[in-house]
Amino acid sequence: MIEQLSVDDAAKLIKSESSIMVGGFGNIGNPKQLIDKIADGNATNLTVMANDLGTPNVGLGRWVTENKIKKAIGSYFTYNKDVARKYREGLIELFMMPQGTFAEAIRAGGVGIGGFYTRIGLGTELTEGHETKIIDGIEYVFAKALHADFAILHAKKADELGNLIYDKTARNFNPIMAMAADYCIVEVEEIVPAGSLSPEEIVTPFVFVDALVLVERSCCQHG
Amino acid sequence: MIEQLSVDDAAKLIKSESSIMVGGFGNIGNPKQLIDKIADGNATNLTVMANDLGTPNVGLGRWVTENKIKKAIGSYFTYNKDVARKYREGLIELFMMPQGTFAEAIRAGGVGIGGFYTRIGLGTELTEGHETKIIDGIEYVFAKALHADFAILHAKKADELGNLIYDKTARNFNPIMAMAADYCIVEVEEIVPAGSLSPEEIVTPFVFVDALVLVERSCCQHG
Amino acid sequence: MDEELVKIRIARRAAQELPNGSVVNLGVGIPTMVADYLPDGKTIYLQSENGMLGVGPSPTPDAVIPNLINAGRKPVTEIAGTCYFDSAVSFGMIRGGHLDTTIIGGLQVSETGDLANWQVPGKDVLGAGGAMDLVVGAKQVIVATQHTAKDGAPKIVRKCDMPITAYQAVDVLITEYAVFRFDSEGMLLEEITSDITLDELKAITPATYRISPKLVVREV
Amino acid sequence: MDEELVKIRIARRAAQELPNGSVVNLGVGIPTMVADYLPDGKTIYLQSENGMLGVGPSPTPDAVIPNLINAGRKPVTEIAGTCYFDSAVSFGMIRGGHLDTTIIGGLQVSETGDLANWQVPGKDVLGAGGAMDLVVGAKQVIVATQHTAKDGAPKIVRKCDMPITAYQAVDVLITEYAVFRFDSEGMLLEEITSDITLDELKAITPATYRISPKLVVREV
């Protein structure tokens, strides 16, 4: 059953040493208020799985500034020059994956697939040391599923059961991360009665969602 | 670019010895007119990938009656007692997979994944002789991606570009099979101008679709 | 005992196992009946593996909705909050451990929790459908079945000799006479009905099981 | 030659390569400009790997739509027929071979079609984003790049010494001076612009390449 939490209470659930998936791509579709509240809190040594780490001191960039992150797994951290500096200084550990392999590994973790074979990245630095396999004459490289303790996500709207819909390119990693964490918290701009969303348009079925955090719509306009 | 074909012309594309994915579950969400037209045609020795083979002489059951099928890959053929008889007589080859592994293998074929590891079916008859692997202490069994020459599918509505939406549980295997064939033909009840479907509600992006076959809505009511 | 009454007794007892608000997949047969015997005030959400969450009750014959069936190919209805998805998402939900419970029938259950329920000997069963996925994927597996086969043969055995659906998969086994729970030490008898003695139960149950010190005798 | 004009020349030539109606992903830089130089009457459909098919042109500054960006994080618009999907579907589309073409920049291209374009030496590039996925997944890979680096160093080389994005991945290489196509025998010069000679081209192109018997000299 879905819980409705305040931003404060939801942020407090995240403890130090947790692994946490964060939705969003280039600061679009990320749960801004949860990110900021966790930045202000005490949790540290987090393992973060996110496409990128925002921009300097914005979005997940705030977690970089506040030294919340022990290790980041994602596809492109270049947007945020603070990450490069901390990486050179050995203050943050990075695991970089091709973006599609990262997305597929999250989905795999969500749907109970242990790992999969892809041609992407074969022979490159990003798959160095990974197992390879020939399937029907084509060489593939192994990628292991990703899973996290928490997911913090953003959606446009939820119904009271927790079914979710998204807005344009703010969808990105949110639907797959919703499946791949033990506890999935979604920041939404609106909660509507069950039955208000068309059964055909629901993107994330409520069974993947554990908690909703309702935030003011005005503060969540992106772009 | 999408083609619009008549049922006749679409059915004629299917040649003997082709592999072909057919959408539907228990005769719901299957492309009834295409199935019937192919049953009436000359193509034979088909390798069919479908959840089931319909019921006796209905849906894919007609292909069983007409001896169109060399081999069927799917999850549950028991609905159709003709299949059992032909199987016992050695007239049809069957490859049976757990339903979720079958679905995932189709999706894998559609998204360029060579194969994956699942816990489902481990140690059972359905995975006899398949490779196993320990990932993080848990034993998994390998499943290889499926791919076909053709997919014949059913959707409720397409726009002129080929974007698709479905109706209720008639969705089932159609969206994943749309990705996993070289040439994807979709039987639809309505074709609307591009822009008529909400960008958020489109289930199958047009890039997966090669041809649309418009059929009378009255003849496609299921249930 | 009338077979229909036996089935109702099993379904009613299984319904008690489900926490309010849980997400459940019901197999064909007795499991399907569980939805009709939920205690007052308890809501569960049904998933159907052909791509639906929030399955409503059967429609009246004149209100059948085209394209709306459950995995048993029976017409169903929507509830407020129903959603649809494709088969890969549906089994992702199942395999990924997102269902609270699956209730499924059984041909044989072993004392280690192995389940055989897909291949009926002597019958033409061609494929397991979604049974293997459900039994491995769901967080809790409840087998709801008559205690013995129609011919009187035991179903609750030391070791399955029918083709296996999944090993060490069963969490709870509910029959018309007993409720067994499986833990790391094996099989535990937790509840027995008032119309059978422990000795009589033992006689129709070849599996080795412990008897709970808190054994409940349920009046029937 | 003015750098902006060089880029436009490359983009305009790349635009000619795209069949009408093709589905294309454009990388940042010169590739993004290709959409602005399509010949009259040609329509292409743009995919953006952050989850959009049918990307429209940039909005005017006062018409920016919240939550609508391309993978280069620039505001874009919808067209008639746009659809959105999650990142796993987006890269499924890419990896599964459903895009006709990706046009992407290059730091180095080898004579065997290897591409290096993600790790700029001496710069803090942390991750390849979607570059590897696109270059391996798309049916056709067009590299659109200036012929030499800013410092004059060759980009079209015998063997890449920068970190590789993908091996034997490039189908067409378009620079301000030349169009090369890759086939099973290696690299073939198909077109040269009228403001450079074959010898001059050779001097700035260390890679080994054949010259097409049907070599086109394009007036510029």
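Order as written gives the chain letters A, B, C and D; numbering starts at 1 within each chain.
Here is the rule we go by: a residue touches a chain if its C-beta (ideal position, glycine included) is under 8 Å from a C-beta of that chain, and two chains touch if they have at least 3 such contacts.
Everything numeric in this text was worked out from a predicted model, so none of it was measured.
For subunit C, the chain with the farthest CA centroid is D.
Centre-to-centre separation of subunit A and subunit B, using mean CA positions: 32 Å.
Separating the CA-averaged centres of subunit B and subunit D is a span of 35 Å. Our note on geometry: subunit A versus subunit D, Cα centroid distance of 29 Å, whole angstroms.
In subunit B, the positions touching at least two other chains are 104, 107, 111-113, 118-119, 166-168, 199-200, 203.
Counting partner chains per residue, subunit D has residues 84-85, 88, 91-92, 95, 137 touching two or more of them. Arrangement of the chains shown, judged by which pairs touch: an irregular graph that fits none of the line, ring, star or complete shapes.
All chain pairs in contact, by the document's touch criterion: A-B, A-C, A-D, B-C, B-D. Remark: subunit A residues 1, 107, 109-113, 159-161, 163, 179, 193-195, 197, 199-200, 202, 205-208 touch subunit C in the complex. The touching residues of subunit D, counted against subunit B in their complex, run 20-21, 23, 45, 47, 53-54, 78-85, 88-89, 91-93, 95-99, 137. By the touch criterion stated above, subunit A contacts subunit B in their complex at residues 104, 108, 111-119, 133, 135-136, 138, 140, 144-145, 165-168, 198-201, 203.
In the complex of the two chains, the subunit B residues touching subunit C come out as 25-29, 51-52, 74-79, 81, 83-84, 87-88, 94, 96-101, 103-104, 106-107, 118-126, 166-176, 203, 221-223.
By the touch criterion stated above, subunit D contacts subunit A in their complex at residues 48-52, 64-71, 73, 75, 84-88, 90-92, 94-95, 119, 124-133, 136-137, 163-167.
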